[in-house]
Amino acid sequence: MLESPLIVVNCKTYVESIGEKALELTKIIEKESDANWAVCPQPCDIRMLSENTKVPLLAQHIDPVEPGSNTGRLLLETMKSAGAQGTLINHSERRLKFSAVDRIVARCKENELKTIICANNPDVSASAAALGPDFVAYEPPELIGGDISVSDAKPELVEKAVEKVKKVDPDVGVLCGAGVKNGEDVKSALDLGTEGVLLASGLVKAENKKEVIKDLESLIR
Amino acid sequence: MLESPLIVVNCKTYVESIGEKALELTKIIEKESDANWAVCPQPCDIRMLSENTKVPLLAQHIDPVEPGSNTGRLLLETMKSAGAQGTLINHSERRLKFSAVDRIVARCKENELKTIICANNPDVSASAAALGPDFVAYEPPELIGGDISVSDAKPELVEKAVEKVKKVDPDVGVLCGAGVKNGEDVKSALDLGTEGVLLASGLVKAENKKEVIKDLESLIR
Amino acid sequence: MLESPLIVVNCKTYVESIGEKALELTKIIEKESDANWAVCPQPCDIRMLSENTKVPLLAQHIDPVEPGSNTGRLLLETMKSAGAQGTLINHSERRLKFSAVDRIVARCKENELKTIICANNPDVSASAAALGPDFVAYEPPELIGGDISVSDAKPELVEKAVEKVKKVDPDVGVLCGAGVKNGEDVKSALDLGTEGVLLASGLVKAENKKEVIKDLESLIR
Amino acid sequence: MLESPLIVVNCKTYVESIGEKALELTKIIEKESDANWAVCPQPCDIRMLSENTKVPLLAQHIDPVEPGSNTGRLLLETMKSAGAQGTLINHSERRLKFSAVDRIVARCKENELKTIICANNPDVSASAAALGPDFVAYEPPELIGGDISVSDAKPELVEKAVEKVKKVDPDVGVLCGAGVKNGEDVKSALDLGTEGVLLASGLVKAENKKEVIKDLESLIR
């Protein structure tokens, strides 16, 4: 799972992707898509989605804690038992301490969960790659939620992130995100050397989700 | 719901209270108990418990965010839609910023969720009461998870917390916790003026849960 | 020291108040002012200011740590030995955990340092008062650094903060801040029941500091 | 400055290294040492030490902020103006967010300050090296403040950290720390491929500082 080229949808905490709405979105992806997709639901919704669809699910975040006396933390074992097959780590809206990023990657490896470390610039992308995740996702924070995709706004930085990551570890995949909303954006991301994209509002808030899904994967290959 | 005297069980991130095991524990409480109970499951498990039992469920934590562009955060609206009827706030294992505690209480009131602010000493208990929660739970961090209950180890501090809280706002209930494991502990907590207790490992890790439940509520009036 | 009515100047991390410039500002206050002032320098500058002026100095922040094995933390004992006579706590640009606010107030009392807890709304102001500081400073974050003073923009909230604080503990002084820039702002703050104001850019970035100082204290009494 | 082999002394927040005592320690180093040393004072003490000694001074921490409207933060420009020539970053007692570590390194480069990123294991050391600091300091947190030096307790991990760092960027120096207290510890650290050591209590809390300094540098080539 999580094969390239990959489209990852982050449900964030949008009202448009809570509970039944998250399930509906995931079912549309399951039914309509031909490409490789993954969905990142909110924790409360993971089990419902895993029990009712086959789309790969990733947590939006896992806390760097062990089973035991912790309150209000997202435990890896619980997320996995609910159906998560991997997790985003260090999203720009959930930045983590350096040692925590490393700890979470290590725990995910021990527990056979996939890892996507998010990074806010090419240097952090390279640094993240040295921790051995499955993917690094380069997302310039200032473009997140906007109308201009990262591959249009900063193509040279996407290329630089790819180059720097591959130099540290060629086995680490690179995704990019921020502003991705259509097939052109996906295509230009792949043309710049990435293995896929992260998106959120572009699909989650769309009226006609089926059309947006078809469009997003239309220019792959 | 959450009527006095109240026994709140925190599932924390124990392996003994993940998924099916959390459901099993909650069903035993539903079947065997005569007193007022509430259970605090992990986020992934809230919906499953709310769909299969009638025991009041509280979140262990809610983040001080609005619906929107947030990743890896526990949104009030999502927790409520999954079945949470309230939340712990500022547990000593999930300490929050001062303004965040206030923000979460305010959002819970707007959304008709019950609130229990945890406090590590009598002064913080009084300060928490000024924010207008339903309950303040006084738990000395150094006793959490131990064998000696707070009402045995620090009876004068429990009384002081009750006195200080009631002086600020007599409508705020006081719970106490840390080391609570049997009916004697519950009784002495109530005798000191509290409206109930918080416990975790004392029940979650117990072999014979039915017996522990019966014992815990045995000396309530 | 810190007698009412009080004007507290926060140097923040402005380039206009680093090192020699902070010293110059503090000397002008010492020479020109008739009212009660205090200055909050950056940590590196406290000793230089205390050795060269008599204006009361407050730290902008102190960390909730004891002497010992901590790195990169602002220790109370060190700040005091450098000349700080008190500290701001929980400024909206340096928000602290609930229990940390309590811990810092307690440590300051043990070490005879004055305390000003900052609060972002009237409820948090009341809650802060329950911790027993010398002052609570109510500052609406959205007005900080702006042109409209808190006493103009939200007079009813300033009054409410004063009322709520005094109800919890009449011995706790109330300051207000955000947008304070002239004598009218100071007067209206005092008229609303406060014991003084906090300001920063209004003086630190002013061209003619002597005139601004004279103006700020012109309508007191 | 900061030439290899290097001995870095962290004053932490020990009472033995506040104010005049920090100055006294630094003067002894200045007078007695033949090797390359640097001292990390507390912020309040930097200016006094820089004005009275020539020993290179490093901040224990700098916050990832720009000049402007920040309160209670350690601004690079202020630390530099007080005399700091570089800084520790991400010490295990002051862990930082991933993106903050990157931001501080970038700001230090722009302002010609030396950088030492601390790392808690070989993987984080390699990841830190990718951010381009002058040094990475590998310190296993569990050994900090103890009696057994890192080079005795975990020689294979020190070697691994050196190997991983050099693979990412051979220009990044490697230091190690935790438990360093005598010349043997310094020698074995250098023998394992490092460019020097970090120590704190071993010197700061020593009765006879002159002897400890002489001993520490006795086996350096």
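Per-chain residue numbering starts at 1, and chain names A, B, C and D are given in the order in which the chains are listed.
As a working rule, a contact is a pair of C-beta atoms (placed from the backbone, for glycine too) under 8 Å apart; a residue touches a chain by one contact, two chains touch by 3 or more.
These numbers come from a predicted model, not from an experiment.
Visitor: Could you tell me which chains make contact with chain A and chain B both?
Guide: The shared contacts of chain A and chain B amount to nothing, since no chain touches both.
Visitor: Minimal path length between chain A and chain C through chains that touch?
Guide: The distance in steps between these two chains is 2.
Visitor: Of the other chains, whose C-alpha centre is the longest way from the centre of chain A?
Guide: C
Visitor: Looking at chain A with chain D, do both copies bring the same residues to the contact (over half shared) or different ones?
Guide: same
Visitor: Mind checking the centre-to-centre distance between chain A and chain D? Centres are C-alpha means, answer in whole Å.
Guide: 36
Visitor: For chain C versus chain D, what separation do you get between their C-alpha means, in angstrom?
Guide: Chain centroid spacing, chain C to chain D, equals 34 Å.
Visitor: Using the average of all C-alpha atoms in each chain as its centre, how far is it in Å between chain B and chain D?
Guide: The computed centroid separation for chain B versus chain D comes out at 44 Å.
Visitor: Hey, what residues on chain B touch two or more of the other chains?
Guide: If we look for residues of chain B contacting two or more partner chains, we find 92.
Visitor: Based on which chains are in contact, what kind of graph results: line, ring, star, complete or other?
Guide: Shape = ring; chains linked end to end, path closes on itself.
Visitor: Strictly by the criterion at the top, what is the full list of touching chain pairs?
Guide: Those chain pairs satisfying the definition are A-B, A-D, B-C, C-D.
Visitor: Name, in rising order, each residue of chain C that touches chain D in their complex.
Guide: Against chain D, chain C makes touches at 10, 12-15, 18-19, 40, 42-48, 59-61, 65, 67-75, 77-79, 81-82, 88, 91-94, 144-145, 200-201.
Visitor: Residue numbers of chain D touching chain A in their complex, please.
Guide: Those residues of chain D that touch chain A are 90, 92, 95-102, 106, 119-121, 123-124, 126-132, 164, 168.
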